[in-house]
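Step one of this worksheet: look at the structure below.
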C-alpha cells in the first residue's frame, strides 16, 4: 500500500504535463481519455487504500512516504513527503471521486469548445495540486499545493480569456486568495521561528508542549492560519471572489468552487486543530466568522437571479457551517459536512450546467420555468440535491451532516445557544433559497421565449449523453446514501464516520443534560427545514398577490438589490483598496523618485544658462570683472 | 590557472567574434556562443571538482577558509596591488550564472541583431570577461578595475543597438553607476591608507584588509561609500532611476545581461565586501537598509503595475525583487544569506527569461507598448505558456525557485526585524497584482485579429449578471478596432516561438523548476562561503531574545497574553 | 638721495593707475582705451621707480625700461588693430568687437 | 625738491584727468603728452635721470607721435566728437568710478599701513646711470634680448595687420 500512495497525485500531474506540453493537434477523444483516465485511476487507487485502511489499518493508522529533503540550512529542513491519515484519506476520496465524476461530465459538456485540451490540462493540474495539498506532511510543501490550487483556479476561471471580464474575475480570485495565503505564510514564519520545524505532526506536538493554552503565540499562529483558510474558503471578509468566480465553465465551478478547493481552508484548520485547541480565542473567532458568513451568504443567495451565483453564495454559506463546526471544536462533524456538501453541491452545479446548456446559455432563473417536463432527469437530480442542501430530514445526507453540525454547535462546550440560533435561522434561509431555485426553474409556466426546441424527444436527446447523466445519478445516490454512515447521536445509530476519524480528530467535549442533551433541538431543526420548504413553495410556486405587493415595496427593493450585490462588499473593497491603488499607480506613471533624482540634471542645465549670459563678449565688462577680482584679492589680503 | 582562463577565454572570444564577423555572421555567432559555453564549461569543471566531490569543498587554501582556488601575482607591488583572483562557492555560482546568461544572450539575439554583429558579440563577451573578473577579484583595486571595465562595453551595447531613446538611457546608466563607483574608489583608498597607517602594510588585498581596526566614524563613512556604489547597482530605491530606462532601451541581449548579471554585482558586492569589511557600521544601518528594501519592494510593484512599456514593467519587477535581496543581506543570518543567493540566481533566470520573451515579442510585433498587445494567446500559444510560467515565477509561486528564495529571506528577516518581514510578505500580494496584470494585458483579452468579437468565442459564462448574452462581448479599450494593430493581424501560426527560442525557454524553465524543487545543490555550494562570511562578521545579537515587547504580534488579536514558550532556532 | 618718501610716489602711482582704469572702463573709443592703458603702464613704472629709488637699486629702472619696451610693442599692435577695426567695422567702438563671444 | 615733486605730480594727475574726460581725441593725446612730461619730472626728482630722459624721448616722443599718426590715419572728424559725447553719458562714470575708488582706497590703505620697516642702514648712496647700465647688461641681459624680440614681434604684427590685402578681408 506504501507503493501505491505516491501515484495518486502523480497521475493527474502527469496528465497535466502530457496535455500541456504535447505539441500538435490531439483528437478530442484522446484528450478526453488522457484527461479523465489518470484521475479515475487515482480514484481507484484511493478506493483500494481505503479498503486496506478499513481492513488492516497500518500501525497508528498512518501511512507516510518521504521523497527528499527540500532544502537543508541549519535547523530549517522541510521535506517533500506525503502523510496519509484518515483525515487526508477522506479528503483524497472526495477529491479524486468527485473530481473524476466531474471530469467525465465535462468530457461532454465542453465538447466542441476551443481550448478543450487546455481545459483538461488545467483540471488535472488542479486535482494534482489539491492532492498534494491534502497529502503533504510539511506545511511548506502544503503551501505548494495551496498555491497550485489557487493558480489552477485562476487559470480555469479565466478559461474564456477572450472576455476581459472573465480575466478580471480570475485575477480577483487569485489576488484575494493570495491575501489569505500571505497571512498563512507569515503564520509559517512565526511557527518555524517559535517551534523550529514546519513538519505538521512535529509542529503540533511541540506546539502542545511549548505553548500554554491561550498563549499569545498560539493565538497569533491560529489567527494567521485561520486568515489563510478564510482566503481560500471564501469566508467573510475575503468572500467577494467566489460569486465572480462563476465566470468559469460550470464543471470548474462544480469541482473547484463547490467540492474541493474552497474546502481546503476547512481541511487546513482541521489539520492544525491542535493550535486552535490551544487558542480558545481564535476558535471563538472561527465560530463567529462561520456563523456570520452562513447568515450573510444565505441572505445573499436568496436575492440572486443567476442560477450559478445562487449556488456560489450557498457554497459560502455551507462552508460557513463547516467553520462554525470547527469553531465549536466539532472537527469531524465539519469534515462530514464537507463530504456531504461536496456531493450535493457538485450535483447541483452539474445539473445547473445542463439547465443552462438546454436554455441556450441563459443564466437568469427568472426567465426559466416549467422545465420539469422537459428535463426530467435533471429535474429529479436537482431536486435531490436541493433537498440535501436544505437538509430534508431522514432522507438526505445533507440532513445528517448539517444536523450533526447544528447539534454539536449547541452541545459542545465551546458552542453556545446564540450560535445555535444563528445556525437554525441559517438552515431556514438555506431551505428557502434552495427550493426557490427549484420552483422558479422547474415549476410554473415557461417564462422565456428562448430557443427551446419544440419536440421533447429532441430536447431530451439534446446533448445529454450518458457522460453527462451518469455523474448526476451517482452524485444523487451519494447525496442521499452518503449520510447513513453517521446517524445522529440520539438515535444510537452507527457513527462510522466520526469513529474512522477519531484518532486524528478528537470528538468535542459535550455538555451534559439540559436542553442540549435532549433530542428537542434536532426535532426543531427538522421541522424548520420542512416548514421552510413549504413556505418556499407558497412564495415562489403559488406566488400569491400579497407577495407581489411586498415585492414592490421600495424598502424590499433596496434590500434585495443590496443582497444581490453581496451586501456591498465589492463596492467597499473597491473604494478602500482598488481605487486608491489605481489612483496611486496612475499618479505614479512617471517614476517620481527618478524625477526627483534627475532634478540634478535640470539644475546643471539651469546653472549653465545663467553662466552663459556672463560671457557678454564686451571687453569693458571683462576688465571690470578683472579689477573686481583684484579688489577682492587685496581685500582678502587686508582683512585676513 | 583556470581563473585566468575564465577571464581570458571570453576576452579572446570577443576578438575571434569580431574578426570572423566579416567572413560570415553565422560563424561569428557560433564562435561567440562557443566562447561563452567554454567559460561555462570551465566554471562547471571547477564546481564539479570542488563542490560535488566528497560532500563539500576540499580544504580551502590560506586566508579565508572558503577560497577554493587562488591566483596571486604581483601587479604593482610598490602600491601593494596584486592580481589576486580567488574563487569560492558564492563566486563560482555567480561565474556559472554569468556564462550561462551570456550564452542565452547570444542565443536571444541570433536574429535580432543584424548590423555590426562582430562588434556586438565582442562587447557582449568583454562584459562577460569583466564580470568574471568582478566575481573572482580578491584585490580591491582589481575589483574596482573590473567594476569599471564592466560598464564600458555595456554602455556601447545600449547606445548603439538600443531602441529609440538609447543614447539618453546609456548616458544615464553610465553616470549613475560611475558616480557610485567613484564613491567606492574613495572608500577603497580610505581603507587602504587607514590600514596602512595602523599596520604599516599598504595593501589592497581583501583578505588582509578584512580585520582593519577602524574608528566607528571612519568605518561608517567608508561603509557608506561602498554602500552607495552597490545600492546604485542593486538598484535600491532612491537610486534606481537608471534601471527602467537602461532596460527598456537596451537590446534583448543587453537587458538580459543587465537584469541577470549587472544587478547581481550589487548584491555580490554587499555580501562579499560591504558587510565583512565593515561589520559594525553595516549593522548600524540595518534598519535603514531594511526599510529601503521594503520600500523598494512596494515601489517596484506599484510602478510595475502602472507601466505601459513591457520592458519597463519587467525592469520595475526586478526593482521589487531586489528589495528582497537588500532585506536578506542585512538580515545577515544563514537562512537569509542562502535565500539571497537563491533569489539572485532565480531572479536572473526568471527576469532574463521575461526579457527574452519581451525581446522576441518586440521582434514580432514591432512594439513594446502594452496598449497595442492583447489576446495573443490564441495566436501565440507557446508565448502564452512561457509567459504564464515566467509570470508565476515572478510572483513567487511555491514550487518555483523564487518562492523558496523569498521564503528563506523572509524567514531570515523575521528573526532580526519582524515588522519588516511581515510588511515584505504583504508585498508578495502586490507581486501577484502586477504579474497577473502583465499576463492579462499581453496574452488575455480579445484577440487582435477579430478586433471587436471576443477571442475564442466563449459559449458560456457572462461574468456578471449585468452582462447581456454572451455572444456580443463589449468592444474593450484594448481591442479598439483592427486599424490600430495592422501588424498583429499579420500574425501567422509560424510567428510563435521557433525551435531555438523554445529550447532557450525550456532551459530557463528547467533551472527555475530545479531550484524550486531541489535548491540543495545551490545551498551546498554557497554553504561554505556563508559560514565563512558569518564567521568574519558575526550578526550583532544571535537572535532577538523573544522578550515580551517584540513578541506582540501586530496581527494577533487584542486578547494577547505574554508567551511562556522559549525560543528554539 | 631721493628725499621723496616712497609713500608719496606710490600714492601718485596709485592715483594715476586708478585714473587709467576708469579711462579703460568708461571710454568706448579704442584710442582712449589705449591711451588709458598707457597711463596705467606709466603708473606701474612709477611704482617700480619709487621702489628702486627707495632701496637704491637699479632694478627699478631696469624694469621701467622693460615696461617701455612692452608699451611700445603694445601700442603698435593696438593701433594696427584700431586701424583694421576702423576699416572693416567702420566704427571705433570697442563694444562692437565681440565676435569671439558666440 | 619736494615742491617740484608736488607740482609735477599735480600736473600729471590733472593732465591724466583731462585725458579721460576730453571728447576730442587730439586734445586728449596732447594732454597725455603733458602728463608724461610731468611724470618725467617726477622721475628726475626720484633720482632716475636716465629713465626721465627715456620717458621724454620714447614715451612722450615716439609712442605719442605714433598715436598721433594713427589718429590722423583714422581721420577723426567732428562727427566722431558728437558720437563721443553720446557715448560719454555722465551716469556711465558712476560704476567704474566707484570700482576704481574702492581699488584706490585699498591701494592707499595698503601703502599707508604696510610698507617696509626702517630703511636698511643709512639712506643709500646716489644712483649712477652707470649702475643702471651695469645691471641692465648684467643680470638682466636675457631680459633685454627678450625685449628686443618683443619689439620685433610688435613690428611684424603691426606690418601684417595694416597691409591692404583684399583676399583676406575680414568677412
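All chains are identified by letter, namely A, B, C and D, in their written order; residue positions are counted from 1 within each chain.
We adopt the following convention: a contact is a pair of C-beta atoms (placed from the backbone, for glycine too) under 8 Å apart; a residue touches a chain by one contact, two chains touch by 3 or more.
Treat the numbers as computed from the prediction; the structure is a model and nothing was measured.
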item	value
Comparison of A-D and A-B by number of C-beta pairs in contact, larger one	A-B
Identifier of the chain whose CA centre is least distant from the whole-structure CA centre	B
Rounded Å distance, chain B centre to chain C centre (Cα mean)	69
Distance from chain D to chain A - Cα centre to Cα centre, in angstrom	103
Approximate Å spacing (C-alpha centroids) for the pair chain A, chain B	36
Rounded Å distance, chain B centre to chain D centre (Cα mean)	74
Shared-contact residues (touching 2 or more other chains) in chain C	21, 25, 28
Where chain A touches two or more other chains, by residue	624, 627
Multi-partner residues of chain B (at least 2 other chains)	none
Those chain pairs that satisfy the touch definition	A-B, A-C, A-D, C-D
Sites on chain C touched by chain D in the complex	1-4, 6-12, 14-23, 25-29, 31-32, 34-36, 38-39, 42, 45-46, 49-50, 52-62, 64-66, 68-77, 79-84, 86, 88, 92-93
Chain A - residues contacting chain C, complex	615-620, 623-624, 627
List of chain A residues in touch with chain B within their complex	20, 68-76, 80, 113-115, 140, 143-144, 146-148, 151, 154-155, 158, 160-171, 174-175, 178-179, 182-183, 185-186, 188-190, 192-196, 210-212, 214-217, 219-220, 223-224, 227, 244, 246-250, 281-282, 285, 304-306, 309, 356, 361, 363-364, 564, 581, 584-586, 588-589, 591, 593-594, 596-598
Chain C contact footprint on chain D (complex, rising order)	1-2, 5, 9, 12-13, 16-17, 19-20, 25, 28-29, 32, 35-36, 39, 42-43, 45-48, 50-51, 54-55, 58-59, 62-63, 66-67, 70-71, 73-74, 76, 80, 84, 87-88, 92-93, 95-97, 99-101, 103-104, 107-108, 111-112, 115-116, 119-120, 123-127, 131-132, 134-136, 140, 143-144, 147-148, 150-151, 153-155, 157-158, 161-162, 169-170
Chain D residues within the chain A interface of the complex	95-96, 99-100, 102-103, 106-107, 109-110
